[in-house]
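There are structures below to look over.
Shared chain: chain A. Partners: chain B in the first complex, chain C in the second.
== the complex of A and B ==
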């Protein structure tokens, strides 16, 4: 059929799509209603601020593992891992899977965090109590900047996904997915986030198995190899420079993301005692095969003769093409779930960080739990609106947008890790490490490529933290971290003594 | 040349430039597709995204994209044939590449030249080694710190 007569032709990105916009809208509507209803249902459990922010600190192993895994299976896994494979080949695919080490190495940290700060709320709390106000402000700038870039990359991914599969305009797709996640996070807080994450994990796992089997049956391994060898030879080259650089860059970016972000700290605080370590280890191993599978399907795109108009669209395009129209529904569902499960977590944790660390600590220390929840809701809405506005111009590919934050987060690895384990670590080392690491990493990002920013940032930060700490050691009293939240004190005073 | 104001001189190069501006639209009239790329002539990672736009406002076309290793397109390879108006190319080895696009039976677009020059292996292995050392030291510190704190508890 001549292209001009084809009913399914997307004139925004000029990419042919798989299901009709009508089917896309129906799916989008059903999934949106499902998550909002479930979010409101689970949100009824959140009676206090501690319930809203930390799900009552009572999350068990199954829900704990599911929420960690679902949050890490973000658009970055399902859409960025295939982009890595398409741009950087086999090494790119393996580079992305090193992200599992972020969760695995955070497992002992989760245990330590829970032991040191049984009443903690945010990662900002730790930095403030451990290093003092100047380091805390610098950390908040980095953490909020990163959270916002992650949010943008996922909003963009939502728009790209719906456009690639169903031809729904990019702007509308982005607005809908942000709107849905803002709505149910608003009503349910972390209870809603963890509850929906659990179902989303189950759906993602089922979907990934279906897609994996379908792709494996549809492609001929020998053909994939010979087509790549002929048309994209560097993707099979074991010495591809950018791909080799990306291995440790991605690993260190993943470590930086997990070590510093309140998304992971809030889960460490929310899980029951002794659950955190196991949950993070199980989630890390469960996540490991997903980017490998997602990356593999991108390598198959050449032999399947699929034209990729933008590298971040390759994952959903190949999966949907192989599965056909009926299977595209599965693909749509899996990708929507992977996006929603991370967007909600990020909205909730960033809002917590701003509410707790900026509003309560800096602006209104005597705010009641009710007032804090109101402020937190306003921040969730504000984040959604601002993210949408930044997403609309589609400033770059997912990789370039997300990895711009790489130098910043990688420079926090050593200040966080030494802060948790090394009594001599101090504010001078932490500040110097974060600033020099960020600056050096950003220079590498622009001069060498996005696949070097986090690597250089983490390396410089590590050296500076070690040198400054040895030169000017301090002796920290770990008990300083045992801070009790004012709302908890008032709750304890108000409840009758047994 | 002296204009109304005796002190104002107009250089002959300025006149040539103004004449070229007037003639330019007529020169480009035959070219109806504009090809652009995501890289400004140099790629350090072997990939590039090509995008093209139809400048005469018509729609519904089938496009043909060619890639060659010489500017004369002596041994071209068709890398895309279809309705999309962008394509992503990756896995290119070191070398010079040239791209052009046309509608079926139409005129060729402008030629996009791309030099692929991967980073040196020397720099690669330095960064790889640094990354490995940073990761191993971080992992060692976390594992050692966890064991030590568990013993103390």
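== the complex of A and C ==
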């Protein structure tokens, strides 16, 4: 019997779970143990703070490409891309794909970052050395605020998924997934994050292809198209203003996310010399088709007679309905991997940012590597606990949670890009760009709609940064960025001279 | 209005691209292991 004709899958809602809670718990347990064991195993390589935070700065192309891919294939891709398609149609899924440009355009920046800052640790290091303390503090506020919002959206997604797929209570699902990621990040640092990212990427990609083919087999394209034409023709509209706006908004939001976030900077620092640029380009092209495949799943929902009660759940519901109970394992795995791969990266890079930029630079500059590692571990645990507490009252859909940060991150694109390439760029332009971009973007977010926040924020910031820099140019010495970490200095002093 | 042909094309193309990316990723790891450049 074709899946769409099976009675158990018709009119599927959140109340009819895809797999039994027992099966859900077994899968959750197996995957959790696997990630924790692998995390502890890889974590043994982290002998120093540089090893723990940056995986020894020796990550090869395969792991480099996979970790960029896995981190960008967040639960937002697997849950929000279908939501985009369901609300904004074909343009919606194409809009989500523009997120790949963030990775592709960051590729040359990754090379430049490695060249300008061979001893760098965080994106905060760059802003501090390039623009000075006031800009650095403003940047940290934006970056940590964004990182925390992303973390919350991931934690929420974990709880929603566990509940929808296996009937595991939302609160417990959120706690378990956050707990697992905190545990293996704590023990293994970036080694654990990158190692597990590779396996998670392969599983996600195989899973997405399996689900895509299954949907094709369950409902033919002609039926999907004709159903859409009859029931929701606007989803096929090539000139839908809100969707067209979302294309540019998502593109700029993606750029802002990648350009400023320490998640991506830490990978640029962690990869071997000459690997970063290739890894980001390969990952960008590999990620590009995923939102289209995920969006297609949502478009098929109208033909499958699925009752979607929450738009961010359309992906898992459709995937599970066409794959049947046995295939639900694939669904569970894909979503669990996409969540874990982003949560671990976010925990590690946010903890790095707080440890390096706040604790070491502002509170205890003479802290030893051992002390920093201890502080970093405490911050990972703290982030997990606070994120859990904020996640518990489910505050909105994933889109509303995430896109609120859009104007903030979009306002950092130009200060970062001009700071890396334009000697004349200065703190005045960077601060003015970030403040005006954020304010204008937030006004647009509330007055016009979520799909305009990043677009307005980035545009205003661009104009302000360029005008202020042009009016008050300075001449930056690139060598200022060659700062050596105290731990590195003590290592060099300790090692015998040849 | 997007045509059925266009939508089918981008979906098939995306599934093919993801499959190729998976193979590339596995091949790169084999290469890195051979050259001892995994980490």
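In this text, the second predicted complex is superposed on the first by the 483 of 498 C-alpha atoms of A that agree within 3 Å, B and C clash if a C-alpha of one lies under 4 Å from a C-alpha of the other, contacts with A are read in each partner's own complex, and residues count from 1 in each chain.
Here is the rule we go by: a residue touches a chain if its C-beta (ideal position, glycine included) is under 8 Å from a C-beta of that chain, and two chains touch if they have at least 3 such contacts.
Note that the structure is predicted; figures quoted are calculated from it, not measured.
Applying the stated contact rule after C-alpha superposition, one finds that A:108 touches chain B and leaves chain C untouched. Shared-chain residue A:234: touches chain B; no touch with chain C. Once the two complexes are laid over each other on the shared chain, residue contacts for A:422 go to chain B alone; chain C is not touched.
Of the two partner chains, chain C is the only one touched by A:62; chain B is not.
Contacts of A:245 after superposition on the shared chain: chain B is touched, whereas chain C is not. In the superposition on chain A, A:435 contacts neither chain B nor chain C. When the two complexes are superposed, the chain touching more residues of chain A, out of chain B and chain C, is B. Chain A residues in contact with chain B (one complex) as well as with chain C (other complex) are 89, 233, 236-237.
Note for the complex: chain A touches chain C at residues 45, 55-56, 58-63, 65-66, 69, 89-90, 94, 191, 198, 201-202, 205-206, 208-209, 212-213, 216, 221-222, 225, 233, 236-238, 272, 282, 285-286, 288-290, 292-293, 296, 299. Against chain A, the residues of chain C that register as touching in their complex are 1-2, 4, 7-8, 10-11, 13-15, 17-19, 21-22, 24-26, 28-29, 31-32, 37-39. Interface residues of chain A facing chain B in the complex, by the touch rule stated above, are 2-4, 6, 9, 11, 13-16, 86-89, 101, 105, 108-109, 111-112, 115, 228, 231-237, 239-242, 244-245, 247-249, 251-252, 255, 307-311, 314, 413-414, 417-418, 420-422, 448-449, 451-452, 455-456, 458-459, 462.
Residue ranges on chain B touching chain A, taken from their complex, read 44-47, 49, 59-62, 79-80, 82-93, 118-121, 123-125, 127-128, 130-135, 137-139, 141-146, 148-149, 153.
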